[in-house]
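The structures considered in this document are given below.
Common to both upcoming complexes is chain A, partnered first by chain B, then by chain C.
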Partner chain A sequence: MSVNGSKPKFAMYWASSCGGCEIAVLNTGLKILDVDAAFDVVFWPVAMDAKYKDVEALPDGAITLTLFNGGIRNDENVAMAKLLRRKSQILVAFGSCATEGCIPGLANLSPAREVFDTAYGTVSTENPMGVRPQPEVKMPEGVLHIPVFASTVRTLEQVVDVDYFIPGCPPESHQIALVIDLVIQALNGKAQLPPKGATIGAGASTVCDECPRQRNVKKIRAFVRIQELETVDPDLCLLEQGIPCNGPAIRNGCGALCPRAGAQCIGCYGPAEGVVDNGARLIAAFASVVDSNDPVEIERILDGIPDPAGQFYRFSLAGSLLHASRAVR
Partner chain B sequence: MTTQPQDPAQPKEKIGVYVCHCGSNIAGIVDVAEVREWAGQRLAGRGVTVARDYKFMCSSLGQELIEKDIKEQGLNRVVVAACSPHLHEGTFRTACGRAGLNPYLCELVSIREQVSWVHTDKHAATDKAKAVVSGGVERVRHHTPLEPLRVAIHPATLVVGGGIAGIQAALELADAGKKVYLVEREPSIGGHMAQFDKTFPTLDCAACILTPRMVSAGNHPNITLLTWSEVTEVHGYVGNFTVKIKQRARHVKTELCTGCGICQEKCPKKVIDDVYEAGLGYRKAVYTPFPQAVPKYPVIDVENCTYFRKGTCRACEKLCPTGAIDFAQKDEVLTVQVGNIILATGFDLFNPQKVTQYGYGRLANVFTSLEFERLTNAAGPTNGAIVLRDGKTVPKSVGIIHCVGSRDRNFNNYCSAICCMQSLKFAHLVKERTGATVYNFYIDIRTTAKAYDEFYQRVLEEGTLFVRGRVAEVTDAARLPGEEGKLILQVEDTLAGKQRRIPVDMVVLSAGLQPRADAKATAQVFGLSCSADGWFIEKHPKLDPVATMTEGVFIAGCISGPKDIPASVAQGSAAAARVLSTIDKGEITLEPVRASINATQCSGCRICNTLCPFGAISFLEADRVSEVNPALCQGCGTCVAACPAGAISGTGFSNDQILSQIEGLLMLNMEYA
Partner chain C sequence: MVDQEHFEPVIIGFTCNWCSYRAADLAGTARVKYPPNVRLIRLMCSGRLDPTFVLKALAGGADGVLITGCHPGECHYLEQNYKALRRFLLLRRTLVAMGLEPARVRLVWASAAEGVKLAHEIETMVAEIRALGPLRWRQNGFTPDNAHDAHAFAVAAEEVSA
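Moving on, here comes the complex of A and B:
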């Protein structure tokens, strides 16, 4: 990769993440060469060797564009978020973890202690000494520090000021390519960047907008898990078949991949434009189309959703109004 | 993702905060002066430039205070911390309007219903009042000037229910020259009152005072009488309701029928009349419920008619002198346009069979109050003779039990209001017609209306015996001499302080009133709500007893709770007056609170489509988006809440307004010194 100092500088960082976002970027294929041609890549732990101190050594605002993926789970994540904010002109929360907490955010339903107990104390883990992570460990060679685990997962915006948001778990490669094109064109003065705070690399409507399935007036008498159905109508709206599809509340941009393939939208592109808490939106929407006035019957229909937190807040809990369960707070 | 906080350094709003004492209603619990001082100082950074407190903000002096500040200090937003917006939102908006400020830039926050009336801890209540004021201040900053909507009023009115309340309302309107559709489920109007012989306390004959009103309603050129009919659908909104009415087939051509009654006379099929005769008498399969029925045209009861059941008979058809019988008639659906609706659907009698210890249905000579009304009625099954179930024996002693199914935690907690007077009337009639000994078993005597207590005194003087106590049991199991063949009432006489067994020949159960069995379904058709008991809810129990929370839909008579005839009539007139005032204005102003759908954000998922209670949302198939018709939308917010995409917003209830109010309540925007 080029080390020509005259080009704008690019960084990509992973905080608490799975690495899927990086793969999605690499999945853009040849487009990655455009990045290399247009930018000087100064920091990208998954792709190149660089140390935190190299970033610290840069002047403030030296990095033109930083794609920050992963949620904020520990104090190392906080420190890197603050550092990259200081060093970057454009800081983008990239992917579901950075924008809304994503799957790791579901840990906000349990106190940190319970998270550790599950990770280090259940039958699948061999841990006879019952060891739990400690921020400081004294060793003969000296004191070891490992990052301090926070009580909740936070989104990037909950820690530092963010310029843009790219949703998705992970963001679709073609959307990433479009964003890369836009930024390069903007840098060349051929395009204008959207206003600060905008969500980019996605649509302004919801998944239903891109879903080809036939939709009718909705009346739901039972929610079912897709695997419990013998046949799924290939052309009819999944929600109308009782399959709890989150598509109506989830931002479009993915091309409705899951519903096209016959699986319900689980919500990885996050809330639609202007929606603060899409879990609450989904609950209100689903409740609205339950077709019964009998309290017992309604209860039975809603029992068809055995895991409401997972259904409605799978990706968005940390970024929602709820943020975390009471027990955690 | 969240709302952008505004720069607190330079708020462009100049907000006045007015904290009301409401006498001691608020000031007794909330430290009003402290709230005022706090708002003036701590919310100054949020745009508050004036903060005042006053004994009664709603008084003209209080309102003038606000108007003066708007004019002199150039306020562009007003927050009044007082009672519920239901009560005085209009008052303060109007005051702002007088001072030249758009009325919708005024926000009323409740520190009475939501603070002082529900708390006892003065310190905590004062803190909460501050939070509520802070929420109002944050919200009002996001208000925008709005103009009220004006809607033309269709001059016709729908009256549902042809009892005395509905008849009264219909006549008032029709006499004022307005068109009325009077819809009645039964074959005739008249309601329960048509079943009575005498009315308390004057003992004038029910038919004598009711039938002229029925005839007037039937003949009135401005009243379209639709009996044997039910309202099935209501769409639209105040001023412009579209109503679908199902007219059941009468199987009688009303244009040919002269009401001569030959069909009823000749019909060979006798049917027990459960409605009008309360099961005591018979009617035919082709019938009018009673001779004075309005309209005079009979109906054929298809379920019991031999022709409809077996395909033969046709006696009525053969013998009808005008050829008015038409077996082929079909149900019809009528669609009418009206501007207002008055519901007067009345009550059902409590079924005393539920009080098993009183033996109704098991012991022959236990009667319900409605059965007894029919016995006393000169046109009833016994021609007014008060006799036992055998149809001939005159009782020598009668026990009348008050409060059956009322004031009873097993059934209805409420007082049915009419049963005391009804029972006294029964006592008088028994005395007058049979000379029998009469016992009235009561808990309390409630004779509060005009000339009611005088009637009670009269009945006392006539020698009716009163036993204060709730009857434990009515039985035919004789234990003591003299009880054989009698009904024995076991009762604790709470005045004498002892248990008594009183043998009588006849027992009358003064059953309470209860909501119609289908009240909830009716409420749904008309977009109204019922209380837990099932009575329809008034807009305000004291100040607006005939209006409902749905604009343009009014209620009269027993639909909202037990009432006697004078009260029902008064309510019928009152509802008509309310309707007339809107018709005569020609238009009505509505809150400009409307939902709208952002077509770019709408994905056409159609979740909102069936939710709108006013049918204002339609789906545009071509564009695959949903759309709100602003003329039909009532701004209820159901779709706004349900839209999963957040594509629908409501004027006056935008995300910014609600979220900033929440932030204000939580005092997230406060800087603590």
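Moving on, here comes the complex of A and C:
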């Protein structure tokens, strides 16, 4: 890390996340040296030792670029989102959790109490006394505070203003490298940043657009899970083979990695440009290819998608139209 | 909690230009009475109904959504109402998975001559939604006040540290 204080400052923070976004940044390889050359890294818990109070001590707007990954699950996440918003000129929602809630956002389908029941009360957890984490614990040395668990997962934008969004679970490293290049060039006056609110580090179309598989007229008589098929045609569109592939509504930028590798798109890059709610768009796409006009037969075919909320909103539930409408700042 | 006596359901109704909108029109000119809770939006065809419209209505405060179209086999655009049917069935499954009551979305076929039928279907739907109560989707979400709920039923902290 540089000691030169005159360089623009960089921060990266993880809120409610798995750490995969940090790995993706490190996977940019030598590009990480460009970050170090162009920026003074002031705060990055996974990579360096810095305390929250160090960030608090900075003047407002002192950090040029903050990559914020992870969703907003507890009041510590809220406090850090607000703090980093205040200290940053450019705040980027980085990765699926920060942009749309991602997998942790699926917990919004259950009350927080059930989340606790599962986490602390099921057979996989040894917890004979039924201990649950408490916001405050009195110890001989004083009162300990842990972050208070919120009733829902929220996206970063549902808590503070966000300048840019980088989707992906995690964002592809080559896309991160492009964004880093762009920001560095913009700082040197050689490029212009996109308008506020833009999605960067991704395409503007759908995964289908990048997918090399052959597409014909789709007529589906049954949806199947990919592992139930004895053979999967390596060249034919997966949805045409009855495999619920989310490609039609999901933003490209990944290079259609999963369909190329023989697995269906599960939707980690979020809604494509212009799509308000990727679940709604996928419902329209999937329903359109069902090859029946008989309600009973249609219902039988739709039984092949046993978990529609999970299928259509696996990564985007917290940011979906319905869930976003109930998130208050 | 829910003031059933003063609860007037808000229902957004999507009609197709060729059948169900004319059915509603006919109900009007024939002076057939039906509850005023439905706000009708005319589309060219039920096949035009993007599920996004339904989600937007529910997210924006509607208590239910009525989708109407021509009878099967009678679509002005050949078979787009079948597409609407399939979308409706999949959308309803998804909404149920997200915690909504299935009766909050309803699909009705009504020809241009079925003003009475459409009025009756609207009456039935309003009664059903009235019985279910307000959706209040927006209000029943995240509140900072209930954040402590998840912690509240646990073993007392003192017992744990002892």
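One rule holds for everything that comes next: the second predicted complex is superposed on the first by the 323 of 329 C-alpha atoms of A that agree within 3 Å, B and C clash if a C-alpha of one lies under 4 Å from a C-alpha of the other, contacts with A are read in each partner's own complex, and residues count from 1 in each chain.
Here is the rule we use: contacts are C-beta pairs under 8 Å (C-beta built on N, C-alpha and C of every residue); 3 or more make two chains touch, one makes a residue touch a chain.
Keep in mind it's a predicted model, so treat the numbers as computed, not measured.
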If chain A is used to align the two complexes, do chain B and chain C fit next to each other or clash? clash
Could you look at A:22 and tell me whether it touches chain B, chain C, both or neither (first, second, both, neither)? neither
When both complexes are superposed, which of chain B and chain C contacts more residues belonging to chain A? C
First, second, both or neither for A:249, with chain B first and chain C second: first
Contacts for A:288 in the overlay, against chain B (first) and chain C (second): which applies, first, second, both or neither? both
Looking at the overlay, does A:172 come into contact with chain B only (first), chain C only (second), both, or neither? neither
Would you sort A:299 into first (chain B), second (chain C), both or neither based on which partner it touches? second
Contacts of A:197 with chain B and chain C, given as first, second, both or neither: first
Would you check which partner chain A:137 touches, where first means chain B only, second means chain C only, and both and neither mean what they say? second
Using the superposition on chain A described above, determine whether A:129 touches chain B (first), chain C (second), both, or neither. second
Which of chain B and chain C A:276 touches, first, second, both or neither: both
Determine, for the stretches 95-103, 113-121, 149-157 or 311-319 of chain B, which one clashes with chain C when the structures are superposed. 113-121
Shared chain A surface residues [contacts with chain B and with chain C]: 276, 281, 284, 288
Within their complex, chain A touches chain C through residues 75, 109, 112-113, 115-116, 129-139, 148-152, 154, 276-277, 279-281, 283-284, 286-288, 290, 292-293, 295, 298-299, 302, 305, 307-310, 312, 320-328
In their shared complex, chain B is touched by residues of chain A numbered 157, 165, 197, 204-209, 211, 215-219, 237, 239, 247-249, 252, 271-276, 278, 281-282, 284-285, 288-289, 319
Using the touch rule from the top, collect the residues of chain C that touch chain A in their complex. 50-52, 54-56, 58-60, 72, 79, 82-83, 85-87, 89-91, 93-94, 97-99, 137-144, 146-151, 153-155, 157-161
Quick one: which bits of chain B touch chain A in the complex? Just the residue numbers, please. 1-2, 4, 600-611, 619, 624, 638, 641-647, 655, 659
